[in-house]
Structures are given as structure tokens and as C-alpha cells.
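Below you'll find the structures, each written out as C-alpha cells.
Both complexes below contain subunit A, partnered by subunit B and then by subunit C.
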Partner chain A sequence: MSEPKLINLTIEGRAVSVPEGTTILEAAKTAGVLIPHYCYHPGLPIAGVCRMCLVDVEKMPKLAPSCATTVGEGQVVHVYSEKALEARKGVLELLLINHPLDCPICDQAGECELQDYTFQEGRADSRYREPKRFTAAEDFGGDVLYVQNRCILCTRCVRFMDDVAEDTALCVQERGDRAGIGRSPNHGLTHAWASNVVDLCPVGALISKDFLNKARSWDLDRTASICPNCSQGCNITLETRDAVVVRMKPRSNTAVNQYYACDEGRLNYHWINRADRLETPVVAGRAVEWDVAIAAAAAALKGKKARVVASASLSNEALYLLKQVIGATGGSGAFRVMQGAEAPLAGVHDLALRADRAANATGAELLGFSRTDNPLAGIGSGDVLVLAGEECVGLDTTAFAAAAAVIVLGTAAPAQLPSNAILLPVANFAEEEGTFTNLRGRVQRFMQAKAAPGFARPTWSVLADLLAALGSKGNLASAESVFASLAGSEAPFGGMSYDTLALKGQIVTGAGVTA
Partner chain B sequence: MGFPHKSHPRETPVLSKYFGDPEARSLEGWKARGGYKALQQALATDPVAVQNVIKESGLRGRGGAGFPTGLKWSFMKQGDGKPHYLCCNADESEPGTFKDREIMRWTPHGLIEGCAIGAYAIGAETAYIYIRGEFTEPIERMELALAEARAAGIIGANAMGSGKKIDIWVHRGAGAYICGEETALMNSIEGKRGNPRIKPPFPAVAGLFGMPTTINNVETLAAVPHILNNGAEWYKAMSLSSPKSNGSKLFSVCGNVAKPGNYEVVMGFSFKEFLYDLCGGPLPGRKFKAIIPGGSSVPVITIEEAEQVKMDYEGFLEFGTMLGSGGVIIFDDAQSMPKQLARLARFYAHESCAQCTQCREGTAWMTKILERIVAGHGTFEDLDTIFELSDSMTGKTICVLSDSCGAPVCSGITKFRHEFEALITGKRSSTVAVTA
Partner chain C sequence: MAIKVTVCERPISETSYVRATFKGLALTLKHLVDPHKVTVQYPEEKWDIGPRWRGTHRMLTTEDGKAKCVACGLCPTVCPANCIKLVPGEDAEGNRYPLVFDIDEFRCIFCGYCQEVCPEEAIHLGRHYENAEYDRKSFVYDLERLTAQTHPVCEMWDPADPKGE
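Showing the complex of A and B:
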């Protein structure tokens, strides 16, 4: 393909060059100007209906909708001319005439584009003296509640369902100011990716039932993370309030999940906050100090083979250090992957809720762990069973008694552990930093969103101490240095570092896939 | 002719010549009246030659915008390998307009002939006649005539033995005013919600099913066979306003007038004589007060202004209004203008497709203010608000429905401000509340 032709234009006095066919709205972004808009979204077909993005283009008789107007050579665009400001002020006033102004009880408050632009460009008062239209809120099914009173009919939700989910569940019904978003007959909003309409809604019209009245958006801390619920590796933001995760939202990564996250993924976060956690190291039924527990674990491993049963949702860092433990003792590593129904998002290439309901099966395989349905099989008296993040639900646990010892690195203790088991409390993925490798081999970072409870520590950190106790040397003082060591010795990860991964990730060498 | 009245001697019946003549409806009757000669002749010539005759005649769109028809046809790129479409806009939903209805009722074959010629001229094999659902009789007439024409081989795979394929289908609307807007009409034919589309792309580039499309009004297409039969010069010569506005035009007259109905006069006819002579003047004991001359979307003019108007595209423009669709709505001195305009605004509020913010919210807001004024609870600030509101509703939306609500209302307030002020100050209150 030939290089696209570049078009030169001036936006708010700034010269920009953008490829031919770019819209004025997108071109303005490159000039550092965000033109106010509602109906436009980069992931959706252009509707041009909210009329909020009107700008003044010299030599054009009328104001142009910047989302639907492509750039022209030599164009001079004024975003903040009096004419453009007046038009947008008019749109804002009209959007608010039937709006209930119930920001104090609206979940969207604080992250609402109607609030933002009204504050930025709107009138201080309204000239509207007539009664406001009122419509009752409606349960759309799934996790979605529709509050028509707040709806500005930008139709992002309708276009998402039509063109991205390809399930015509929503439509605009009625005309004039009676219009609202409706569900198509016999259609609930039950599509596996339907909750994205809540994120896409620029106002508080489509809201999450799960998040309803749970927190004010300005009280939330936001952390870049990766969804741990399947092997797709959707980029997410973990939102916490007082160290409690209250919401998981998609974070844009055009190489992985565009702007989206599935319902199952985003709603499966409550376990992160579970209260019945393992908080203290335990040896033979007694709570002990960390150094005592590490020493006990190292002693148990002496002369025995470590049979590691790992969770496929452990970080690459943890799995790498487990591999070192296996290497130091001549043992082996295995993992299993829970399965679920696959649910693709039709309108996006290679995006689905994957059957593998684990974040890092690819990483585990690349690091030499073997995938099996029964990772506990064949454990004998010469083996020390190391359960790393695997709670053994649904597995035959007679192996516990067969092993010489059982060491648990977990957030909770599996049932039917022998009384002499060594329990090492660790952080879950939201409480530590690390990387996952998704099914297409993309290595992506996640950050720490909250503190671990009690004395629990990141898995990589516990393993670093254990390795030291087993006599190995190396700088394993941080997740980053563990990853550096991993990148230095594991060929698929060669050349990677936390800096090069940044927020979009990198694909492992020899992955053989282009995602 | 002023159907159901007898034709007035000063009318120029071209399109309306056979209104009221049931025999003109059948294929046989139409052929006996010279029908399908123009199509036969057109099919034997080059499509571009047909376009050129229409260009030369100066025929302009009769749906309201008045765009030159021949020029519109020439935008269709011949031989681009894509299927082309012709849409005949028979939605005729503009309040006060009912001329296309009569064309379809009395001369369905005339319209079919016009459609077939139009389709041939733009390189289309398929034409759709989009008729509003409420037109039960015209739909039936068109379906019957199409069946006859199809059976006779006039349209179909080998139209009139020319080897050209021309299919014509009736598509029935479902009752939305906005489906008369050409891009909404195309969406409606495609089975989608009748919402206007953003332009560009223009229909001639990407229209119906994404293919090059031309949309013409019924009256425009019905005039085409006559022009081909009699020549462009004939069409120009009949007009009093040549070269800008040529030919004859049907006017639908309604409201407070002695003889409402359809009248066909040549372009440039005196509006005063039209109103008092052809239409019989006001009802006994009444006086004309105001006129909306081109369907409800155009600005109101006073009778004093109307009496000076020459009936052509430029003549109406001179007095700040438009020829539009030719739907003449007459108000006499017994009418309350605020009440009439409130009713008009309510229509637009009801019919807004709800896409653009200004239209969806603005038309409803304007209606509420007007109805409050009519109910005797208005303020002087309300009048200012209406003008400002109209300003933010004009020229900022996808289609012109929003503009069309503000135009008659604002011109009405400007010209009949005293009536609004009387309601506001309580000197005269309207006793009848405006209801849907």
C-alpha cells in the first residue's frame, strides 16, 4: 500500500498534517484540541447527530460537524469562534431542557461529558420555563439500567449493538422529544458484551446495576491492569475506593480489545475483595514469622523434588521463579485451565471471551509448565507438592497425603490439607505488579491497585526469598528486576523490559501469530 | 384544473388536463391520449440527449428545492458499472400540499412514463415510487397501472422492445413526514428507520443501497413526457418567467378560501389574480390575512405582500418566502395567527426524527412556548426566546426540518406581532386551546 497523502490545515492557529480522509475532529486531537462531542466515538460508525462538534471552517457557509467533515488542503478551522461557541452553547441548553439535573444521585457525575462540556462552554442558566418530560427508568436486562430522563440520544449504544456486537438489541423508538432508546421486541440486553454500552454512554443514561450507588467517581483510584478472567488479556482499569475494587472498566488497546471488555470479565471482580484471606504464614498449624516459614519451606524441599502445581493466572514473574525452584530441585511443573463458553465480539477482529478462563496459560506453557486436566497425578513420597495459586477445587486431593510435604503459596488454603502443610500467604493480581502473556503471545503489564491483607506478599517476592534460602543468587528485589532476569534467560521474552512493554505490551518472539 | 371544480379558463392544464377523466387512468385510455410516445422516442435516443432536452427546458424540481432537473440527472456518472436507481418521491407529506396525489389518482401512466424516461436518462434499471402510506387510492391506482404496463411490456426486462431493462416498483411509506426528505426516503426503502443521512456523500454518488441515485418529485417526473413530446422551446415559451422558471406548476390551495383545490398555472402568473380570480377569493364576509405559499415549511407572508407576488421561484423569494411545493395555505381575518403557528410548530415537533439535538428538543420547546402564549400565559421574553431558539435551530442540523419549524413561526411573529402581544398583555385571549 502506498503512503496516504498528507493534508495540511490549520486548527486553532496550529498547523497540522494528517492523512487524507481524516475527520476534522481527529485532526484536532493531533493539534491538542479536543472538540466537544457526544455521538462520535472512534470505535463506532459516524452518526453526526448530536451536533455538538460544530466548528467554524473558513469559506464554508455553515458550521461543519467536525466528526463528519473530512479535512481539506489549506482549511482554516476555528473551534472557539463566537459562532461555533454560540452553536454549541445552544446544543447544551437544548440537551438540558428535559434533563433532570440529578447529578447528586447520578453514578455518572464526575465522569459525565454533559457536566464537563456544560461547565466548559454552557450557559450559566436556562431559559426553559416549561415542565420537563419524565420517563421511568427501565431495566434493560444484563447489567444495564436505562434512565431515559438523562439520555441525550447520541445513539452510541444503538450503534455499538448494531455494528460491533452485531445483535440488534437496541433501537431508537418514537420521534421528536418523545424519543428514547428502546429494546427490540423479545430482546433483552443479554449479549455477552452488552455492558460496553454503559462505558460508551457519555452521560448517566445507561448505568451499571453492579456499580449502582456504590461510589462517587471522584473518590475512585484508577489503576492500569489486565483482565485476569480469560486468555484474551483485555486491558482494563481497576477502580478502587479505600482499597476495595468497585469496578473494572475496559482500557483502550487497539491491538487487543479496542475499547471493550466483556460482561463476564468486567463483573468477575468481587473475589478480589474477599475477606477470608490467608494473611499470615503458617507452619504445622501455627502462625509464624516469614523467615521461619521460608526456612521451613526450604528445609522441606531439601533432597526432594518440587512438584509445582501452578495457577494459570499467575504472573510471568511468579511462574519464572517457580521454574527456578523446579530447576533447583529437579522437579516438574503443571497447570490446568478452567474452561467456559467462548463469546466473540463479532465486529472486532480476534476479540472474544476465550474458552481458557485464565490469564496466563500461554506464559505458563512458554516457561515449561505442562498443561493437564489433573496436575496432581503421580505425586509420590519423594515429592514436595508446591501449590501456587491453585486451590484444587474439584481435584482429587489424595495426592496431598502422598507427598512428602505440601507448600502452599495462595490467597486461601485448599481444603483437606495435611496438618503439617506450610502456608505462605500471597497477594492476588490486583495487589501486586507483574505481566501476563495472552493467547496471542502479547506480554502485558498490570499494576498494583490495592494493598495485600495482613502479612501477604507478592508471589514473586516470596519465591525470591525461597530461592535465596535454597542457595541461588541474583537480583530479584522488584518485579521489574525479576522480569529483567526472565527476559535475560527465556528466549521468547528476549529484549523485553517493563519500559519496552509500556502500556500496550509486546509479542513474544516466535509466537507465530499476528493478533 | 381546479379539480374537483371545473377548469378555470386562465389555467394552463398540462399535467392536470385529465384530472377527473376516469378513462385516462387505463393503459388504453392513456395511449389514446398520446401516452408512451415520449418513452418510445426517448428509448430510441441517447440517455445524455434526453438529459439535454430536460436541461434545455429549464425544468426545476417541483418538490420544493427547485433544483434544475437536467443538471441533477447529469450528476449520475454513466457507465460506472454500478447499478443506478431512480426514486420518485411521492411521499407528499408537506402540510397543505396535495398535487401529487391527484397526478397519481388520475394519470398514473403519465407518472410511470416519466419514471421510465428518468430511469433511462440516468442509466437506472430500477425505479422506486415511494408513496406515503395514507395515500390508499393513489397506491391502488399506481399498482394497477404498473401491472398493466408490465403486462404490456412497456416496463420490464425489455422495455417497449428496446432491449433496455426498466423495472418500476411502488414502495409504501409508513406515515412519517420526514420520509419525504430524500435521504430518509432512501433509508425507508432500505427497510431502515426513516432518518435523514449526512451529506456528503450525495445520493448521486452513494444513495439507495449505497449506489448512485436520483430522487425526483412526482410532478417533476410527470412533466418530463410532456417536455419530450412538445420540445424544450414549448416548455419555455409557456412561462411568463423564462428563462429562470419555466413551464406550468400545480398549486394546491387550502384554508379559508372560496374554492380550495388544485390549480395549474404557468410560472410567473400573478398571485393576486390567482387568489381572487381562480380561487374565488375569500369566503363571504371575510378578508384574506396571511398566506403560506409553498407548503407549511416556508415563511408566512401577509396578503398585502402576496398581492404583489409573481408566482415563480424568484417571485416568492423576493418577498422572503418560497415557492416550495406549491401548497398554498390561506388564513383569513377570522384566524388567530398565534394559534395557527402553534399548531404548525406542534406538527414539526411531532415529526422530528429525533436525530439532531436542535430539532428534537427545539421544535418541542418552541411548541410549548407558543402553546403557552396561546393559552394566555406568555411573556414578551418568550418572543425573544423563540427568535434565539430559531437561530440555534437553523442551518445546524442534518436536514432542514428544524429550519422549517422556525421559518413560519418567526416570520409569523414578525408580521403579526400585534396578535402575539395582545395575547401576552391579555387584551385578547384565545378561547380555544391548541390540542394535538
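Showing the complex of A and C:
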């Protein structure tokens, strides 16, 4: 592949070198200048309809839309010249003619580009004296509500459905000031990835019914995370308010999910907030201190084989330490994966809601756990059953009685546990830090978004204590050191560390075979 | 070294208390007969307080008795004392409405920013100062109590001259 030719230009007095064919808007980003824009989105085809990105290019007779103008050698671009500012101010004034001033009740307030750019560059008052157009809100189906009053007709949603989802569900209807976004005849917005139009909408015209009136965007704490709902491993942002997850939004990772997340993934977060959590360690029906519970679990495991039934949604760190427990006792490990329908996003290569509805099935396989439909089968009478994150819903739990002891590391206790079970409460994925391996073998980090309830601790931390009680040595004081130990002893993860993973992740050695 | 003490001899007219006593009694007698009164006979009598007095809060309501608040979240954002707890939600008609609206009047510094920032003119500070309670938790006013109060509210600015010119 030949190197692309570099073009040199000046943007706001800063010299920039970008490959040939780059737009001025993208080139300005490399110079640290964000040119205001509505219709442009890096994941969508260029439309040039909003006229918000007009910039002043020397020697050009008129202002140029920077989203649709490619760079030229020796160009001198002025983003904030008087002429450009005046033009954008005019665009904003026209956009605001029919835009209601309902920011106090609009969910987009605080993350609204119309609000931001009006504050930066718009007029302080309106010269429009006539009554504003009013249209009732329309339920588009799925999770999407359309409020036409707020729409600025940037057509990002139309282009997403046409070119990325390849389902022509939306179109611009009517003309002039009656124009709005409408559903195509006989079409609902039922596509499995339709909710992305809510993220793409620069204003509050397309809003999520799930998030409606729930929180203000500036109240939210945002944490980089990985969607736990399928094996695709989409990068997401977990948004919490007062330690309650209220929204999951996609986070850009061009190697995995571009800018998108599917409806099922983003709406399946309510279980993270469940209230009926296991909060204290329990041994034989009595709440005990952590060290007592760890000692009881170690005593139960001594001289017996650990039969680990793991969840495929545990982190690599937890699964690695479970493997150590198996190694120390000479047992075995198994997991199952819930299945669902696969739903690809047509316009993006290798992006789909996957049939495997668990985040880390690949990691569990790489770490030597065997995949089976009934992980509880074949528990011997002398074995110790270790249930790690697996609640055994829909499984035949007669195996509980067969096992010599049952140790549960979980967020909730499975039903029909024997009375002498040892319960060790652990954090769920939003309450600890760790890594998942997606189906293409990409190891990606997720961060802690909220505190664990009661005395619950991260799974890796509980397992590190259990291993110490079983007599093994090693520095397992943090998730990072557990991962370092994992990278040191497991060949597929060789050479990785939290630093090298960064936020985009790394692919395991020998990947591709699992695809 | 010995200290030398000098004793001042002053005439009896200067050192006698009799003169000062009568002077004091004369002042008392003057106030007894003077019609100008300073003391307000609280609580039977009360001072008028200014139109911009900032006392404990009150939530104004619409005609049907519901709070005007739309749970926009600006008052907890602007509050420098962090004394407003707001959980947004929806009412029976699906309109934005506060599920929880608590103001901790102990934490409040009565700056009036919440009233100034409110786009719905819902939350107001009151022209009111008698707000003693028997326990601390009663100083956390919930939405019901904020809407039930009837005292006059603070005028942040003169309606005839809103810009203060």
C-alpha cells in the first residue's frame, strides 16, 4: 500500500499536514479546532445540509462548507473570521425560529449541540415575533420518541437508517417549515440497531423512551466500559447517577463497534441495579466475617476436587484465578452460554449482536474452561461445587445435593442451595475493573462505575484471598497485578498489560481460530 | 528598688457618686415619659420585613394545586450549598415532574440563586423568619411542605424596574 500524499495547509494560524482527500473539518480536528457542525458525522455519508460548518477559506469567493470541502495545498482557513461567524450566527438564528425553548424539560440539555453552539456563537435574543410551529411528539416505535418541534433536519438519522442499518425506515416528509422526519410507509423503527439515531441526533428531537425524564446529563458520572450483553464486546460508556446505572451509550472504537451499540445491548442494563443482592458472606446459614468465610471455603476445598461452574460474563482476571483454584485442587471448569438471535448491522464490517449472549465466552475457552449446555452434569459425590457468577436458572440443581460442599461466588444466591453452602458476595461487572475477551479475541478493559453493595468484593479479590488460604503465593493485590500474572503465565495473553491494552484493546496471540 | 506612689487628691464634687446617680435616674425618667419607643413587643407586634427578604423556601403551584416544578435540575446545579435534592420523574400525565424535591434548610445559605435560576418561577424564597423546629429532620422540607406553605415570597427584583435602573 502506497503512502497517501500529505497536503499542507494552515487552519486558524496552525500548520497542518493531512492525507489527500481529508475534509477541512477533519483536518481542523487535528489542529485542535472543532468547527461547529450538525449534519456531519464521521460514520455517515456527507450531506452538507445544515450549513453550520461554513468556514472562510482564503482565495475562495464564498464561504465553504468544511464538511464537504477537501483540503488543498497551501490553503489558509479561518474558522473564526468575522464573515464565517456572521454566517453561522445567521444559520443558528434560522434554526432557532421554530425550536422551542424547552431546554429545562429536554433530555438532550447539557449534551445538545444546538445549545452549545448557540451559547458559543449564536445571538443572545431572537428577532422572531410570530408564534412558533407546534407539532405533537410521535412515538417512532422501538425505544425512539420523535419530537418534531426540536428537529433541525440534519438528516443524520435518515442517513444512518439508509446507509448503515440499510433499512430505509426514515425519510424527510413535507417541505418548507412543515418538513420533518417521518417513517416510510409501512415501516416502523423496529431495526435492532435503531436506537443509534438517538445518539446521532445532535438535538433533542430523537430521544430515548427508556431515559426519558430520568436524569440531567450533567448529573451523570461516565465510566468507560464494555457491553456485557453479547460476545461482540462493543465499547460503551456506563452513565450513573447516585450510583445507579441510568443509561448505556456506545463509545467509539473503530476496531470493534465504530460509533454504535445495538438496542438490546444498550437497554439491558437494569439488572446491574438489582436490589436483591447478596451483601454479606454466609457460612451454613449464618452471616460471618470475610476471613471466616474464606477459611471455611479453603477448608471445604482441602483434599477435594473443585468442580467450577463459571459464568461466561466473568472477567479474564476472575476466570484466571478460578483456573488457579482448579489447578490447586485438581478439578475441572465448565461454563454455558445463553443463546439469542443474531442481528448484524449491515453497513459496518463484522459488527452484530451475537448469538452468544455473554461477554467473555472466548476468554473462558482460552483459559481452559469447557463449554457445555449443562455444566452441572457429572458432579461426583466427593467434589466441591464452586458456582462462580452462575445462578443456575433453568438447570437441574439435583447436583447440589451430590456435591460434598457448595461454594457460591455470586451477586445472588441460586435457588435450592443446600443449607451448608458457603456464600461469598461479589461485585458485578459495573462494580469492579477487569477485562473481557470478545469473540475476535480482542481483550478490552472495563472500569469500575459504582460501588458494590454491602460487603461484596470484586471476584478477583475474593479468589486471590481464597488462593492465599489454599497456600499459593503471588502478588494479586489489584486487578492490574492479577492481569500481569495472567499475561505472564497464559500464552494467548502474553505481553499484555493494562497499559498496552489502553482503551482500544489488544488481540490475543493466535486469534482468528475462535471466529 | 522602692516604688514611689503619688496619691492624687481630688475635690469631693468630682469623686462623689451622688451626682452620677441622679444623672442616670434622670435619663431613665426621660425614657419613661418619652413617647418614642424602640422595643418591638414581639411576638404580639412584628416588624415589617423588606420585599427582598430571603427566608425559608416555598414552592408555587399551578391552579390545580400541583407544584410548578418541571424537575429541570437547574436549582440543585446552581446551589452553592448543595442543599437541594431532586430526583426527576414523570407525573400521571407523563409530564416531567419531581419525584423527590427536598431542601435542607439547615444547609441552605439563603443566597436566592435557586429562585433566580428557576425557568418556571416555581421555587421561591419566602418573606418569613419564624421557622423553629423541635428536631433536625424537620428542617428538610419535602415537596408537600414546600407547596403547602402560604407566606409571601421574596421579590428578587422590582417588577416595575427589573434591570435595577
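Heads up, the rule we're going with is that the second predicted complex is superposed on the first by the 512 of 515 C-alpha atoms of A that agree within 3 Å, B and C clash if a C-alpha of one lies under 4 Å from a C-alpha of the other, contacts with A are read in each partner's own complex, and residues count from 1 in each chain.
One rule holds for everything that comes next: contacts are C-beta pairs under 8 Å (C-beta built on N, C-alpha and C of every residue); 3 or more make two chains touch, one makes a residue touch a chain.
All values derive from a computational prediction rather than experimental measurement.
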Partner chain in contact with A:Gly176 - subunit B first, subunit C second, else both or neither: first
First, second, both or neither for A:Leu376, with subunit B first and subunit C second: neither
Partner chain in contact with A:Leu387 - subunit B first, subunit C second, else both or neither: neither
Dominant toucher of subunit A (residue count), subunit B or subunit C: B
First (subunit B), second (subunit C), both or neither touched by A:Leu63: first
First (subunit B), second (subunit C), both or neither touched by A:Ile105: second
Touching partner for A:Asn213 - first (subunit B), second (subunit C), both, neither: second
Partner chain in contact with A:Ala430 - subunit B first, subunit C second, else both or neither: neither
First, second, both or neither for A:Val79, with subunit B first and subunit C second: neither
First, second, both or neither for A:Ala261, with subunit B first and subunit C second: neither
Contact residues common to both interfaces of subunit A (with subunit B and with subunit C): none
Subunit A contact footprint on subunit B (complex, rising order): 176, 178, 193, 198, 349-358, 360-365, 368-369, 372, 381, 385, 388, 391-392, 395-398
Residue ranges of subunit C touching subunit A (in the complex, touch as defined): 70-74, 77, 88-90, 95-96, 119-120
Complex contacts: residues of subunit A adjacent to subunit B: 46-52, 54, 62-63, 65, 68, 86-87, 90-91, 93-95, 97-98, 127-130, 152-153, 155, 171-172, 174-177, 179
Partner subunit C, residues of subunit A touching it in the complex: 103-105, 109, 212-216, 218-219
